[in-house]
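The following block contains the structure, expressed as structure tokens.
A, B, C, D, E and F label the chains in the order they appear, each numbered from 1.
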Amino acid sequence: SKLSHQDITTTNDQVLLLETNLDDTTGQQLAAVIKQSLEVGAKDAWAEPIVMKKGRPAYKLSLLVSPQKKELFVKFIFENTPAIGLRLQLMQREIMERRIEIAKTAYGEVRVKKLSYHGITKFSLENDDLRHCVQGTKENLEKIKYAVLQEIENNKNEGE
Amino acid sequence: SKLSHQDITTTNDQVLLLETNLDDTTGQQLAAVIKQSLEVGAKDAWAEPIVMKKGRPAYKLSLLVSPQKKELFVKFIFENTPAIGLRLQLMQREIMERRIEIAKTAYGEVRVKKLSYHGITKFSLENDDLRHCVQGTKENLEKIKYAVLQEIENNKNEGE
Amino acid sequence: SKLSHQDITTTNDQVLLLETNLDDTTGQQLAAVIKQSLEVGAKDAWAEPIVMKKGRPAYKLSLLVSPQKKELFVKFIFENTPAIGLRLQLMQREIMERRIEIAKTAYGEVRVKKLSYHGITKFSLENDDLRHCVQGTKENLEKIKYAVLQEIENNKNEGE
Amino acid sequence: SKLSHQDITTTNDQVLLLETNLDDTTGQQLAAVIKQSLEVGAKDAWAEPIVMKKGRPAYKLSLLVSPQKKELFVKFIFENTPAIGLRLQLMQREIMERRIEIAKTAYGEVRVKKLSYHGITKFSLENDDLRHCVQGTKENLEKIKYAVLQEIENNKNEGE
Amino acid sequence: SKLSHQDITTTNDQVLLLETNLDDTTGQQLAAVIKQSLEVGAKDAWAEPIVMKKGRPAYKLSLLVSPQKKELFVKFIFENTPAIGLRLQLMQREIMERRIEIAKTAYGEVRVKKLSYHGITKFSLENDDLRHCVQGTKENLEKIKYAVLQEIENNKNEGE
Amino acid sequence: SKLSHQDITTTNDQVLLLETNLDDTTGQQLAAVIKQSLEVGAKDAWAEPIVMKKGRPAYKLSLLVSPQKKELFVKFIFENTPAIGLRLQLMQREIMERRIEIAKTAYGEVRVKKLSYHGITKFSLENDDLRHCVQGTKENLEKIKYAVLQEIENNKNEGE
């Protein structure tokens, strides 16, 4: 329901985007900074190719972080890249509610991420688990997927 | 004038940007989603190559929509892509005032988009019409363009 | 300290981002617009490859300007590109405090940009000056860099 | 077997790559040229973002054509783009052998592309047909896929 | 004719492409290398965004040079970038024949590049000259273009 | 000398480039394929953003492999991606000769990659070792680099 949903996502309603254009760092360093930013708590991190002033083939680094961690990540960028300035943007975020369930099939157990948002629902089967089942039973992937989906179907009567 | 201009563009003053980073969709699906989003009313839609976490060559999908249609397009993205989260940003928009006129030349009619913004003006000749004139008269494109521009010049006395 | 820092950066706290997607301009024109925008006072300007509607390989042009110059740069884009609309976004900006010092070494003088932000500090040696020293003395670049850094170290006692 | 395979793919063994860097065309024109090149017989066509000399954000256009059509496509590029030069490269091509089969299931018929290359095999189910079955029977997509794969399995005894 | 054409383009028939993937250089350096390579005689130079191994957002540098200058440019890349290896490819090149003519109009002189290739012809008007005419006469650009094209038309009787 | 150099690089003189345009794979899969290709012996692997036919935002996958492993890697691509065709190109490769030396400094040992090509030489200091020295001695990175370079200088008398 909408109310319970809002309770759950309240703390995620806002994210802070940090951006900086880098024409004085290397690809090696960029990859390291993206990795490290996630280790210290960024929600997401990525790089976009851009053409900067003076015709420089460069990258824009973007971090998505909790607004409470603004100070932490501004410092993170200044300490781990040559940037001397960056831009910040508070953005709203919508996320689907997630519930993990276990589908027990004849081929093994597969985690299913059940996603919902205001009446829309979708599933996402855990890839690792599917591969496990394939390896353990030498069965066809599609067959296993189908068994998982049948299991989900059977459980539907028990409500969301 | 500024006042009449603001009347015209009031409803366009704000647009909502929806963004999501996708490392689990294909190029085929992305192209389909961009096309479909425009069919259901997005003002614009595009994809940007990005390098996501874990070194994934991915794309960021961006939709520009009317703020009133927020709910519609959040659902659209969740239903039509594997995204389980997205970012939203209310942005201001400035657009040039558009007026379509018909320039009647010896070679045929050509629609002219007259664009203006606070004293700046520019024209944009309808490509399809120009090609029509070229095909119909076997005349040089530049010659036809020039005739159109003369027609615009002549009409100027009749005011904006 | 935070206070003195805020005094210095107050006027820079906000920047305005102007964006427009261009599928009807050429690379030549884009490079010219980026260059020209900086000449008339943009803080930064760049282009990002995007895939626009109807599968068009295009570029998004971004300008970062002082919020006071909004009108100037909206007109700049409308006058210098085929854009008939653009998006605006007020963004917060954090910048490191900069102080230029001269390091006098046996190989020549080198400007050093001292950067600081809430307790973090870093240096940036002026490349042109380093090259000058290399050319004047035929000495190794690393040796000269080291001399500069020793000079910085010596001056530290004199406080920030 | 290798021999019979080579008989089949002999005419496809070589393809000609045509490339040209374009900083004086628009995204609209590029999309049109890609589309048109396929209509006049190119095997493939695409554009890659590049940063050209003088810092120009541009695109490289690539066409893949039959070597016999070299003259046709060199002219095609010169006539349909502002290019005044282009590069050509004869490349070898390996393609998987394709055989289309029809899987008749309880939900409808689905075309299956059977692909093989020197002992490797894979399948590709025709998306349009799967959607047809989903629409006609309101059944789950995975269930239909599974039925198709069972059908393929059953037919295997009849050999390649 | 084909023969006379081949005489003219013989020396251009082949070009050498040098490529290297760079994840340890900066955008500043890339822009400098592209510029410098042209100054020492490269026919063309550009950079393409790529995603390298270990998820590194990087660039591929490409130089197009005369095959006779292979040694020069292999050394150029090794000396001016961190590359420790590069790839080379001899490519065929087709270029349109160029002839510069001067169109004398009432608004000033405009250089016209006449391009031809096996029966195809196109023109390219010198931008700088057009702008000169606009500035000198305050006339409309399209009007001047049209005058130039009329001049070209008149001269056609005098043969290619 | 040229002769001894050629002896050393003979086996590296040629590399095989495999390329395929993918509009039906995901970023997750692309990253996995790049990683796996290197594990099974590719010399290099990368992805380039491209705009494919029908306006699809896609990626071109490139592998660089030993020509002897052509069959292995053609199969690798067909088995690990949805590709049903790929292009191959034999390319020449030039690589700098590498010799690893150990520079013993007061701060610790640092491996130095000495690179040479037909009279050109450059160095590359092992980053991991430098960081080790910084951590072990709390000394300035530039100071350690300088010590390494002095050590290299001292050893020069002993010939290449």
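Annotations
Here is the rule we use: a residue touches a chain if its C-beta (ideal position, glycine included) is under 8 Å from a C-beta of that chain, and two chains touch if they have at least 3 such contacts.
Worth saying up front: this structure is predicted, and the values here are computed from it rather than measured.
Counting only chains that touch, the fewest steps needed to get from chain B to chain E is 1.
Homomeric contact chain E/chain F is classed as different-residue, with under half of its interface positions used by both copies. The interface holding more C-beta pairs in contact, when A-D is weighed against B-C, is B-C.
Distance between chain centres (mean CA atoms), chain B to chain F: 43 Å.
The distance from the centre of chain D to the centre of chain F, with each centre set as the mean of the Cα atoms, comes to 31 Å.
Multi-chain contact residues, meaning those touching two or more other chains, occur in chain E at positions 30-31, 34-35, 47-49, 51-52, 54-59, 89. Chain pairs that touch one another are A-B, A-C, A-D, A-E, B-C, B-E, B-F, C-D, C-F, D-E, D-F, E-F. On the chain C side of its complex with chain A, the touching residues are 15, 17, 30-31, 34-35, 38, 44-49, 59, 64, 89, 91-96, 98, 113, 115, 117-118, 120, 122, 124. Contact residues of chain B toward chain A in the complex are 21, 48-53, 55, 58, 60, 71, 74-75, 78-79, 82, 84-89.
Residues 49, 51, 54-57, 140, 142-143, 145-146, 149, 153 of chain C are the ones that touch chain F when the two sit in their complex.
Partner chain B is touched in their complex by these residues of chain F: 22-28, 30-31, 34-35, 47, 49, 52, 54-59.
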